[in-house]
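One chain, chain A, appears in both complexes that follow, with chain B as partner in the first and chain C in the second.
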Partner chain A sequence: MNILLPPGRRLERIGIALLIVVAVIFPKAYGGQDYLISQARLVMIYGLAAVTLNLLVGFGGQISLGHAGLLAIGAYTVPVLGNNYNWPTWALILAAGVTTALVGLVLGLPTGRLRGHYLAITTLGFGLAVPELALSTRVAPLTNGSEGLIVPTPTIGSFTFDSAGHPEAFYYLCLVVVLLCLLAILSLLGSSSGRRFMAVRDSEDAAAAMGINTWLTKVVLFTTSAFFTGIAGALLAFQDGVIAPTTFPFGLSLLFLAIVIMGGMASVWGSIAGALILIVVQVEASNQPGLSDAIIGAVVVLILLLAPDGLAGLARRLWRLAAGLGIPWSAGVGPRLRRQPAAEPPEAGERPPVEVRHGR
Partner chain B sequence: MAGSAELALQDVSLRFGGVQAIRDINLTVPPGGITAIIGPNGAGKTSVLNVVSRFYRPQEGWVTYGNTNLLTLRPYQVIHHGIARSFQNVALFKELSVFDNLLVGADHLSKVTLVENIFRLPRSRTHERNARRRAERVLEFLDIGHLRNRVAGELSFGDQKLVDMGRALMADPTFLMLDEPAAGLQESQKVWLGRVIPGIPDEYGATVLLIDHDMGLVLGVSSNVIVMDHGAKIAEGPPDEVRNDPRVIAAYLGQEET
Partner chain C sequence: MVDFGQYIIHGLAFGAIYALVALGFNLIFKTTGVVNFAAGAMGTAVTMILWSTLDRSVPLAAAWLIAMAAALLIGVLTEAIFMQRVERSPVLIQIVVTLGLLLVIEGAVNRIWGAEPKLIPSLASSKALAIGSWYTSANDIFIMALTLSLAGVLYLALERTRYGLAMRAVAQDREVAALMGIRSFRYVTASWAVGVLVAGVGAVLFVPLYGGGLVPTMMDNVAVFAFAAAVLGGFGSLAGAVVGGFLIGIFSNLVGGYLSTDLEVSLIFLLIVLVLYVRPQGLFGVDAKTRL
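Let's look at the complex of A and B:
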């Protein structure tokens, strides 16, 4: 685990350990309550999808309003290949990732040159187009139009991870797949590839001066994010059992964005926590028909009022407070906690107008 | 090979609309030592650096480094030919730690793929180990070890300048361009920097092209000084000669004294 985490990030380590312990014992504690187990699976799946969006938005500085579109590609891959070619479950999950990565690559090639509003509009268009495309007559033989497709039950050998028959087994399948994806993403972020993504986010000019092909880096990031989104899509397909264009409305893309912002930009575990809170609120709010969306919106606003930099930022501030009060084992806090005076701007009038330009 | 190539700008002109940033300039930076470009505000010093690092495309002229025609390169390819730079208005990766900023400087030295990084395969681990070792050396060389875990965007301007310089040193350059490294530093730090910069050619094997407003620093460390004014080169020579050149006194030093 040491290799995945920079030293001193004790908060993150404790959080991860707790999260994994809770995730492992959860079905034991709530055995028999299938609805709760199914919602817990949804937390993991939405959490993974939000992390992959955070890769783009938080770690890459790119905006995407069409994440549900990529999720749909991954989800559709499972019944299309599973029903027609009878592929094993692990191959279907991997194929969902690869197919979505290819779509992400095709989408990333042009969008790698776009920024801000232009990127937002392009990804928005993609997110809206995918469900429409699934309805179109040309693709309908593959997607079965508005009726959608029945997803094969996941199996390993003769054991079936039937979400109705063995909800706990399917829960653990999700847990293993999501944890493997998160480990891969964390490993990536802690390496030179991850540094490249963040360098391009912080300063494209400096990144280029350091030998980083900024366009290629964005394309690689888009493709990587799409790969893991596809895997989340595959899990969602298995979870739902049936997928149709209505499974992936535009609102789902916004929901993922809300999870990312609520959890904290550039925080993997913040996104997971964001997904957990959102699903809990969704479950609670479902008792108030007609008001559930308003309740969810109010909770998001409330969290952002209390923690403008998301749950991850709130956790860091609480940790700093604990360190300030001298609470044991809160020492060794992450570097962000020791906030120093901000950089002073260069003296006014020292810079000639021509020479301050670093753009191309 | 380290620091053995010559940088040459031949008949280079650069315009932004009606503003002539560089005016038909010819200059060479010989390998091995420290060459400085000085000149008043707006003289075109940073524009020269931006032309070399390919952020600006000159309308006329040639720019070569050894046998390489730099004008055929894209900005991200320049460093692969050994040319690294720091920025006048620091362009650090603000959300990253100082240590990670330094590591990015060395990342172009390896061709580790994304998959190798995910699975931490041997090439990935070797690169990481070497980059970290190099970063430790840079932290020590610039005496910024105490800043290693700080978030770069939260540092003072002077400290950011040092990190910026360190990131360029991480790139294993044969040619290092420093754009006002002393800006924002306290007087005592400037004196200290005046002792550090002369060590770069020996310690890192890089030719240094230095731009700074601090005349004491520039004239103290450089073996060759190029003076620019209004986008043109008006004088060149050893520091003592330049210091006494009437054109330089009129254009720059004279201004400083008034």
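Let's look at the complex of A and C:
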């Protein structure tokens, strides 16, 4: 459990442990309300997808505006393999990760050389191209065009996790897979690979001077992120039951980005919390055209202008305040530098040492 | 079988629109280093404002003036309220702020004007006009002429006037420009105003051209093609925007004509990746870091 729960800040550990406990007992408390449980599954799946995007954006400093495209690759892998080859569920989930990782590798080879706006526009193009290709008549034999594909029901042995008959069982399947992925991501971030990602993020030139192969690091980052995105895509495929090109619009990529911003860059648990909040917003505003877009956009802009480090930064400030007031449990045990994967992002408004006023 | 030349001629009019929107990107990028991902939505908002004024039976010329004034205002307000606050932030933050604005504007347009398609009259006749064995229309020619003359005016203003010189100085180094007595923030605001204006003109001209009616998401694809044009031509280059715009217009029309319209975005994406792989700064761009 020590990887899931960051050591040092006891209040934060309690918060995360509480979140996991709530997630575990949630279906028991809301038994019978299948709609709520389905939304809770969506929070976990989108949360995982947002964490994989945060790997790129928050920990790697690489922007991606086409994350829904990667999710689509993972999601399509499940029915394409499942309907034709009758693979077991765990193999399908793993295959979705591997396929998406391969696509991420191919995408990362050329884009590993790009920075900033060029990277943004290339990934934007990728995100739009994937659903377009899935819709295209030339790929239709594989993806069945606009009608999409029916996804097989997940099974383990003789037990079927059909979301109508056993919504809770499928919920726990999602929970286990998502927690395993988070565990893997958190331990990766604590390892030397994770440090390399952050070194490249903070300064590509400095990282190169330290002997880090920045291009290779970025390719590894893209591939790793894509692997876990593919797993999220597989879960989404099982969740929806039907996968079509319209499941992966550009707006979905923007939603993931909004979740990352809301939760705070380079904060794994922040992204999960961000997913929870923004999916509630989306569900509540879904009957008013345009409203959820406007709210999510406004939230993104306001957070970036007023509190650029998102929920995680807000929480960090609260901890510090609590510690300052001498509230018990809030102060950290042990040195804070000991294994602290969620390094604080660079200050957004960082100013150069020499300042010339220009009339503002 | 439609003629090869006909595809190219038809692509030119669409290319002119992409060129206009790409010009808007590049003007803003040149002075501020920000790519305005909300440009498409801003253009749609301008077009909706034009539709509303025309709906109140305001004469066409006056309605155009009001809409263009609105475009300038959108540009100025965007810079003053939002972009000014993130001008020293990492590129990533600036990109995400404009994406947030994209969502806000598209959502607001959807709420205010609704999703049912609306029509905007074209400025010139769109009746088919025969040139040799090929067909075009007065409206297509008008759009191309307007794009080229707008690009020409912008080029002359940037390269041949005091203001243009000042703007280039601001683009090169805002603080040194400020030390030379240039009120750099005014030029930044001005480039946002003009950048949104040009994108707005593109959006207004696009409605009668593609004929699908004005809806909140109308400019999404146009903006993507214009991004492609800007990348192809090189960010920050006015000539690059125009050439890139026309090339993308022709390319997508050829793809649509000979292969399939459902592959346009994918092949343009492939084209961008290939171009960036060989020439990361685009066809006309100088080193990506200097943006001059």
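Heads up, the rule we're going with is that the second predicted complex is superposed on the first by the 301 of 360 C-alpha atoms of A that agree within 3 Å, B and C clash if a C-alpha of one lies under 4 Å from a C-alpha of the other, contacts with A are read in each partner's own complex, and residues count from 1 in each chain.
Just so it is clear, a contact is a pair of C-beta atoms (placed from the backbone, for glycine too) under 8 Å apart; a residue touches a chain by one contact, two chains touch by 3 or more.
Just so we're clear, the structure is a prediction, and the values are computed from it rather than from any experiment.
In the superposition on chain A, A:205 makes contact with chain B only, not with chain C.
Residue contacts after overlaying the shared chain place A:284 against neither chain B nor chain C. Look at A:191: by the touch rule set out above, it reaches chain B but stays clear of chain C.
Judged by the touch definition given at the top, the superposed model places A:34 against neither chain B nor chain C.
Shared contact residues on chain A (touching chain B in one structure, chain C in the other): 346, 349-351, 356-360.
Contacts from chain A toward chain C in the complex involve residues 57, 61, 63, 65, 110-111, 113-118, 120-122, 124-126, 128-129, 132-133, 135-138, 250-251, 254, 257-258, 261, 288-301, 304-305, 308, 346, 348-351, 356-360. Within the complex formed with chain A, the chain C residues making contact are 29, 35, 37, 82, 84-86, 88-93, 95-97, 99-111, 114-115, 174-175, 177-179, 183-185, 216, 220, 224, 227-228, 230-231, 235, 260, 262-266, 268-270, 272-273, 276-277, 280, 288.
Interface residues of chain A, counted against chain B in their complex, comprise 3, 6, 8, 184, 187-188, 191-196, 198-199, 201-203, 205-214, 220, 224, 266, 335-336, 338-346, 349-360. Interface residues of chain B facing chain A in the complex, by the touch rule stated above, are 16, 19, 21, 41-47, 50, 53, 55-56, 74-80, 84-85, 87-97, 100, 103-105, 107-108, 110, 112, 114, 117-120, 124, 127-128, 131, 149-151, 153-157, 160, 167, 171, 183-184, 213.
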